[in-house]
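Some notes on the structure that comes next.
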Amino acid sequence: MTRTEIVAQCRALYEDLDFASVRAWVAAEPGRKAIGYLPVYAPREIIHACGCLPVGVHGGGDQLEIIRGDAYYQSYICHLPRSVVELGLSGRLDSLSGMLFPSTCDVIRNLSGVWQVLKSDLYVRYLDLPQGGDRAAMGAFWTEELRILHRDLARLAGVEVDAERLRASIALYNAVRTLVRALYAARRDRPERVPSEELYLLCRAGEVLPPEEFLVVGRAYLAAVEQDDVQARDNSRVVIVGAFCEQPPLGLIKTLERAGCYIVDDDFVLGNRILTRDVPTTGDPWVELAGALVNDAMKSSIFYEDDPTGKRRLVKERAEAARADGVIFAAPSFCDPALLDRPMLRAGADAAGVPSISFKYAENTGQFQQFREQAGTFSDAIKLWGGR
Amino acid sequence: MNCFLGIDLGSTTTKAVLLAEDGSILGRGITNSRSNYDLAAKVARTEAYVTARFGLLRAEVVRAAGEPVLTHLLLAFRTEQTLRQLERLGVHLLEDLERAIPADRRAAVREAVEHILARLAAEEEAWFADPAREARSDFFRDVAASGYMRIAEQVSEAGGPSFDTLVGLFDKCILKVENEPMELGFQEHIPAALRRIGSPEAVALGVERATNAALEERNGVGTGYGRARLPFPKEQIRSEILCHGLGAHAMFPGTRTVLDIGGQDTKAIQVDGSGIVVSFQMNDRCAAGCGRYLGYIADEMNIGLHELGPLAQSSNRPARINSTCTVFAGAELRERLGLGEKREDILAGLHRAVILRAMSLLARSGGVQDEFTFTGGVAKNQAAVKALVRLIDENYGQRKLNISPESIYTGALGAAIFALRDVRPDVH
Amino acid sequence: MLLQKEMIGAHFDRLERAPETGEKVVYTFVPGNLTELIRSFGALPLLPEINALQSGMRQKSRGYIAEAEKLGHSEDVCTYVKCDIGMAKTGNIGPTGTRLPKPDLLLLSYTGCYTFMKWFELLREEYDCPTVFLHVPYQGDGEITPEQREYMVRQLRDTVIPALEQVTGRRYDEDRFKEALRRSGRMEDDLVRVLQSAKRRPSPIDSYFGGVYYIGPIFSSFRGTPEGEEYYRTLREEVDERAALGWGPETPSGRLDRQKYRLVVEGPPNWTSFNDFWKMFSDEGACVVASTYTKVGGTYDLGFRHDAGDPLGTSADYCGGCYTNRNLPGRIDMLVDYVREYAADGFLINSVKSCNSFSAGQLLILREVEKRTGIPGGFIESDLVDPRYFSAANIKNRLESYLQMIDARKAGAAGEVHAK
């Protein structure tokens, strides 16, 4: 597959709000089941180990017309649950036999209840990710939650709970995470080679493709990128912070880069890399999977920050790791985690001398003029006054 | 005869409907709302009585003298009302300029105002005499303002006092005219109106009977945005939602779902077989998706509100508009126009977006049942109607759609029925 | 009510003097509060939401919110948080006019509201003091499992208690803790009796607006205290007496004996126009007979009582059972039961902009409760303490329309009338 073909395939998957590829996968063999999950983090290994296809449901983007979804949500709630309800009530998610709702915020938490009522024939589970500072207790709790989820999904799929299969799935997703990290590193090192639009589409494809296929596609893309000899532009390097749940429209990502900001790190589709290290494939796989989340997850607004200096340090650390010139706080309107975190993160950025700008978007934002202007001005200001 | 009054005190217009004891409509009146709510209600009520008395004499006059004479009489009546109000306007203008205009310029201003007033009166006479007269607004404010501005502009261009001076006077005085009690009723003006058309013998009896008919107002109910300020006891005040539901039911007895999109708010109402509201939803404080949103768009495009619909209907490829935020409406419009999108496509998209907001309120209130009645200013917009019909069709299946040309009276009609029902619960 | 005012006044005086007396101050939240445990260490609880709602009632919140927004807080987020931050930034003068002490410990013992986590992270930036965290699993499947309960107990034992020991310099005193829990159980009995008195006709209480005063002491700093116990005994006697006399509750429109509508209400009240809001109800003869807001600090009427026999386990059960920790189907069940048990004519949702924990999904709740009870629901939108989101005209219009709709339905048999 050429790079162009890969990107085209990923784009088709991204734009397909009917999840045709998932339908095809389910239909290919009798008894196959697909399980959806909402942002930010769900243990896909468990789903995969039950022979099911994990499917990321990241909203309806800017191409879905909301007809039914608005009837369930007041105007002061973010856009994501409207489009997810729209997808659900319009039959577009009918290929899914279950839905997992991680504890990203109260809106997604309560959406699990909406699903329990509207889709009472489906398997619906709220994933209460462990929070706090007592890592031993958190690990024990999350291990138990993983076991329950595994038991439930195995029953749904008609298979046995099998530790060996889970280890195999863990190994597979270790490879997926390694690949995603390599893709992010490739962009960080040579952003001109890896346009964020492409990386984003690739990551979104990884949310609906079987992991085995994603590995093939992603590795081919990475190989192609390394052959690319495009020249770097005199752009600024920025980290996007806050866009971890409701996703920005593709047009917004493109707009930022066209306005002169190379995105060198971001929060998009964060769940695919939130575990920062490989999960051991020996020992008790549930304990290991839980341990990786409890001890070695990326810092994110969805988790309680136990370290009193953590919030202040975070932006500086991320900017340094990405060798970025500045940070763009991009949060969905009415997003509690991102917007409540913003003053703390921004104070940390200011204290560390990391320049930043802030704006809000919705997944269906249709006009980018204001973002273009802000990002363009930001990039120019960094180049004029920044340390480069 | 006993009659029953319903008054709907809205944010822009105040409406009155008068019912007979059998539930039939005797008369309707409308006026622009103003700071003096009592007076707005009184003017609408008076108008309802005027049309009621014209209704009473209609059969007699038409039989005795023919339809054209009746029309002529009504016209004469309107002219008498207008002239009377112009007189009052004149009194206020001349009084006001004595106080407001410095002595050195006073004479010139007085002269200009007198000139304008004379021409306005002459124009009113000419309008009455002109068989090819153009239709005009029912509201004195509109009639007086358009004429006054036009003449004032000519006067100032010809070296008279400045346009701003003249308009400043007018703005103050039209408020006074609107907010002072004035007799505009049938009995006051019908004699002059009769004289104006030559007092034909054939209509005398009918007019006399209509003048003397005893219309006894047994009960009245008030509703609408400003209902709390109506001079009615609490038991005689009803929510506009209830009145709207009942009024829609009265106009179209098969109604089960009502959508009202007005300037400031949108309501989705479900009613039962008797017109009783069983569920409703209103928009929140955000004005997105209300008629006002289309108003902003029209302003932004510098075209009339009534031109929006036809323009939107000429689109073959409606744009997808995701936000109906009134605050961003202008910016979004400009950006899209800047990107080369066609005006009509954007407009078609905007109409669809407004209707989508209404669809969510409808869904919240319980969906769209058969029959479906659409009321409010936006119901007059064909592009909006088209978008609505299509979305209902796609999401609920085919529904019988009712739109009444008199839909502005829906709330007042419901209120009048409540007034009737409070006294005569037996009347069906 | 006088008793309550005295109690609260004394508490805030004590808080103001805490820096001199050396009493330790623990900030914590209403839902999942561990008042007995905190007080068993001789520390004083202080509740930021209560301060925020009081600021709202005293018309201070608008300025505080503006202050926080000036500092970069988004207009989209919870106004309790912004009100609290704004208050902290402008001198920290509390509800009774006294200066509030800084916290010695931030004790976050409830996660049924996501914003609480962020709130304490923000306060920690402000005060730079120790913070201790108790993760309370949500009732995603409608229950707390034994494993989840054990997880909470473990955190209490291994994290929360050691933190309190460290901050106060005292050892965990289980006997003292148990004694308070025993008093809590008795207070809870009395409170439930008061709340359930609304099943009578007329109801001697208003369970939403009036309910706010009834839950005040037990939801804030007084659960398990002798003065709290005294308060609820007195309250119960008073309500019993009113019930015997056939009296309705005192409201802004006077004593409401003639109760034209019995309502169930879901969602928190608005605080900036609390009395006007209440008056819109009482003027129409509407009495709230049951509300979910009076269960945010404990769902005692569903049977839970603090149990001195298992101090940590009972604390875990308490935290896990608070109203906003229940899933949507559970909340729907509660409302349906209230409508039936309290023989309500209607139920109404006051949806507040600030609180996604409450508000996200309320339109589904509305629909389901309507479906299951056959009674139409009403829907009002406002906010906790941001006066910009309280539109009196809009709310009055919706409320009146709703109540008149109930009337019309009652009289519905009157038959069809239409103009010809």
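Letters A, B and C mark the chains as written, and numbering starts fresh at 1 in each.
Assume a residue touches a chain if its C-beta (ideal position, glycine included) is under 8 Å from a C-beta of that chain, and two chains touch if they have at least 3 such contacts.
Computed from a predicted structure; not experimentally measured.
Peer 1: Which pair wins on C-beta contacts, B-C or A-C?
Peer 2: When the contacts at B-C and A-C are counted, A-C has more.
Peer 1: Which chain has its Cα centroid closest to the overall Cα centroid?
Peer 2: C
Peer 1: So, what's the distance in Å between the C-alpha centres of chain B and chain A?
Peer 2: Spacing between the chain centres: roughly 53 Å.
Peer 1: Measuring centre to centre with CA averages, how many angstrom lie between chain B and chain C?
Peer 2: 47
Peer 1: Let me have the rounded angstrom distance from the C-alpha centre of chain A over to the C-alpha centre of chain C, please.
Peer 2: Averaging C-alpha atoms per chain gives centres 35 Å apart.
Peer 1: Please output the residue numbers of chain A that touch at least 2 other chains, ranges allowed.
Peer 2: 71, 74
Peer 1: Check each residue of chain C and list the ones that touch at least two other chains.
Peer 2: Within chain C, the residues that touch at least two other chains are 363, 381.
Peer 1: Mind pulling the chain B residues that touch 2 or more other chains?
Peer 2: 284, 364
Peer 1: Touching residues of chain C toward chain A in the complex: what are they?
Peer 2: Chain C reaches chain A through residues 71-74, 76-78, 81, 108, 111, 113-115, 117-119, 121-122, 124-125, 128, 131-135, 137-138, 140-141, 147-148, 151, 154-155, 158-159, 327-329, 331-332, 351, 353, 356-357, 359-364, 368, 381.
Peer 1: Given the complex with chain C, which residues does chain B contribute to the contact?
Peer 2: Result: residues 19, 22-25, 225, 228, 238-242, 246, 249-251, 253, 272-282, 284-285, 364, 413, 416-417, 420-421, 425, 427-428 of chain B touch chain C.
Peer 1: For chain B, which residues count as touching chain A in their complex?
Peer 2: Residue list for chain B touching chain A: 284, 286, 288, 320-323, 328, 331-332, 335-336, 356-357, 359-361, 363-364, 391, 395.
Peer 1: Report the residues of chain C in contact with chain B in the complex, numbered from low to high.
Peer 2: 363, 366-367, 370, 376-377, 379, 381, 389, 391, 393-394, 396-398, 400-402, 404-405, 408-409, 412, 414-420
Peer 1: Would you pull the chain A residues touching chain B in the complex into a rising list?
Peer 2: 62-63, 65-71, 74-75, 362, 364-367, 369-370
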